[in-house]
């Protein structure tokens, strides 16, 4: 089987990461690569780490250029995916790495993004209950946000096992690539090195409603989410520290058992041995999720911490994993659980 | 007035930082400098940034060497301060930058440190209600831990104004100097650069009971603290993200007013203009505390975030500030609110 | 004496650093602060580390705003200083932290900058032979480039003592603040963290002719300079590794003696004890220059390495030092040789 | 073909990196893993990024444990390889990633290492003239040092084409993993972040004679090397800035042609398009070498700069590449030219 793939938005970080992974995917042939302001430039000058594609020239993002592929990855700014997808045939697998097709509730979309809502596509988080079934054979996939990936996987076993109150408190550290290549002063190296800073505090981050959307059905009730992201001095990686008050009668053993059950057969999610906590370096460049959980008897809270690479499992790796499922390929093809460390 | 000062433990990060500050203090004369394994070495090879002291040789930490000073700073490993302090006269101001004399409850000490409890000294956090009065004229001062400094100042106004439930959830990022110069594999540059990792999760960090001790009397009831520290790739700085569920009827205006009232006249604590959040780089090398607070109406939580330099306000700067108060000097002498950025 | 100072270009890194230093200068009163695109904004949002100036608003850079000060610091993009300076009285001390007035040879200026040459002002490197005399009482000062400061101080003693061939090879590492706050993709944190890269290779960097201009008169002949700057993952600091072939008969003792003689009485330049090499962290935020030199008998080369903070001694600290000399103030006023480390 | 491989020294950075690569090698089965002080521990706690091997326990490094493998990689401290290799059969391919078998001149070994010289093995740098032939079928391979790999590949085309004087000047920046996991104060994260520092200056670095050994035969005369390594704040990567005075009559075109000829058919060495300079991030985790060269007409020097990952092409990747050649496997098996960036 040869899957012919195009990437729209190949000059950004998400586009570059999906190409990095696809170059190692045994069933994929890389077709058209497009950009907007960068159209006409060599990929070698924009993504110098992708040596085998250095001689490729970016095309403009047009229906003609994207036609004739089996799969099209969209790595476009929020609000631009729907128009491009509309021009692609229904037999093409379109995988949106942007936010446009994640949220089910148009009111959430309006409140947090403000553009017309593009509709909802099958959600690319296979590890959720029913997650794989929703993706098999699908021709449209919405890739989850990086923070919702880390947070949902850290918390859902506690809610699935009915161990936690429906009020989650999350503080997540992210590397700067999560903000993309946008030229903003606070993303300059001089600003981020040697500094940690929060943003989107107090319920303002766009990923918050996506977390609520993921966790609430599992909990069987509306879960409120207090989410604070912080920018830390590294290029890649998310460490999500998540907690919720334990329901009365919860024990450390019950917590452990819930997580062991949830992840016993997951190829990419690793519950660490008791006492070992995840570091983001251990998943650098990999599609793995490392999770540890503890029960703090004094504060009566369940603390679950997950580490992912925001560009891999948090974006492009999750996208390739979902592609594999949608196409009926082995789920792990082209993906690794081995981090590049130190 | 000339204050003659000795520093025991001058080769470590806390000792080096107190010397950095004292070198700019107009009333201080730096006397004996001691070390243990480093005794006999030149300070210029151990602390090359302290140029004016490069030719000084470290002495052994003995009563004879420390005698004859007005002030002695102890920057020693936990458990070693009491024995040294016992040999110093009652007329000498002894300032312990270690943990030995912070906790009031011996059971807490036993549970988290395990050595015999050395007793409790006046607590060097002047910004607490009654904080300055406890220090004026005192001859013994226990410098707060770096995390308790950041967390207590972020949260106490909410508890003082009776706005929050007594269950605080805190996730704090710290630079690596907080762990000292100890030679441990996880503190190697190769390990910490490009990585974020948690430690002491689930109630295990030694600073947790100190936070409970500080906040509970202000709240008028026992405050439980869920505290998760994370190690981030920078040398200095703490960003403490603290939250608690708001009591019914709380408004954003009430929250803002509580913090404005608490910090209206504090020289080192700056409540930022609404909408601006603190970055640790802005307090690098300074004794300032930058705080912002928000009310998340959706999650019904108060979120307060503070940024400090763990070595300055979090350790040595707080120590010098307390020394000034104890000696009747102007509180800001030798201390700055200006960060070294970018 | 109260010196009233204005800073044009207060929102950039050079402008921010000169303000950081002036805030601690006992004879200075900070007057007008100007910006261009940032005019009208609060300094607290642009330079949050300068707490005491947080409430100041940036004015536009006009002659009216800058009038009425004793000293005006220009922290403007290359090519803009001459026009602003022309509007300021001849009795005002104007200190240009840009490149406009450094080069004596208009052909060099044309080749490397391309705008009309603004003329040459007294050169603000007091440590050069005759350097202080050129600044005393001067009303116009050109602050040296950051690399030329580090390189000239590392190499001139070898040339002054006639020990080295007139072909210098220099590779310098710089922190990203040397590139300013310009929004360029290669300066994003995601790009610079975890990466080292060269630029301006092969004679193309604008600081090259300035090094030639400094060293040649001391050597008594034209010194050729091969200069390669590299960008490293830190915000501040320059480490300049400089070497030249030793003339026949050179000995390690002669090399050491030349440097000891050159820097015996310099307040800011520290020749380290033999065997100790400088690290940029030791001068972080300070005006100190740390230098070490060695003679490699096998390659017959003299290797001199200097560490400076590019924003302090390399820009704003050197500017304040020169201001002090020009005004007849003690040279060290408002400046420190103590680094903020670790 | 299934190649059964053992790794002695699996807990260090070189050992971890060779395992990372071997896990993706289609013809390799990973056998015994050994350590010294870490024997008995789980690899999952020592190398948490190597998820598929997390459950493996380190054995002691004994002949019995290492017996029965086709290939044994030695990632041991200098001076320990010879004794271990002596116990392995002559039919086993032994690949020494330490320094013991690199130098041909015992006097060099004595001067720089001081232990008895273990003898010389075929040198694992296939890109050198005759390099592959020396490795085919070999049962003993000495992996080059990381700096000699970067420097030799940057400079040898200039010497092969007789364009440069035999006096090379090299300044190289390295990430901290090059120093290994040794617990030394200057390798602590607090010390290396935000700082650049030189070491082994003036001819003292152990890799210097290896560079001389590589370049001299190609130049047809003894090449002197002035080598200054610097430690920069990143975990991985080497940027080697190399230069030599051009012989009279040298032109930029001739320089370019020499490098194009040398690397036209090399799978891992990429001469970049003119004007593009290499960044270490572009080779992060990859076996690629990125090189650019320029002729500085003003200083009459050839400047060649190479970027490698010190752990991959500089150590473990070079080792696997040589293993492939020795075993008659395709040279690129298990190796990638794609970096993990940003």
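Note that the chains are named A, B, C and D in the order they appear, and that numbering of residues resets to 1 at the start of each chain.
Quick note on the criterion: contacts are C-beta pairs under 8 Å (C-beta built on N, C-alpha and C of every residue); 3 or more make two chains touch, one makes a residue touch a chain.
Predicted, not measured: the structure shown is a model, and the values here were computed from it.
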**OP:** Could you name all chains that are in contact with chain B and with chain C at the same time?
**Re:** A, D
**OP:** Using mean Cα positions as chain centres, tell me which chain lies farthest from chain C.
**Re:** A
**OP:** Just give me the whole-number Å value for how far the CA centre of chain A lies from that of chain C.
**Re:** 45
Original post:
Using mean CA coordinates as chain centres, what's the chain C-chain D distance in Å?
Top reply: 37
Original post:
In chain A, which residues are in touch with two or more of the other chains?
Top reply: 13, 177, 190-191, 193-194, 233-236, 278-279, 281-282, 284, 341-342
**OP:** Give every residue of chain D touching chain A within the complex, in rising order.
**Re:** 13, 16, 20, 23-24, 42, 44-45, 47-52, 54, 177, 193-194, 235-236, 270, 273, 276, 278-279, 281-286, 288, 290, 336-342
Original post:
Considering the complex alone, what residue numbers of chain D touch chain B?
Top reply: 13, 175-177, 179, 181, 183-185, 187-194, 233-235
Original post:
In their complex, what parts of chain C are in touch with chain D?
Top reply: 167, 169, 171, 173, 190-191, 193-199, 201-203, 208, 224-226, 228, 230, 232-237, 239, 241, 243, 245, 277-282, 284, 292, 294-301, 303, 305, 307, 341-342
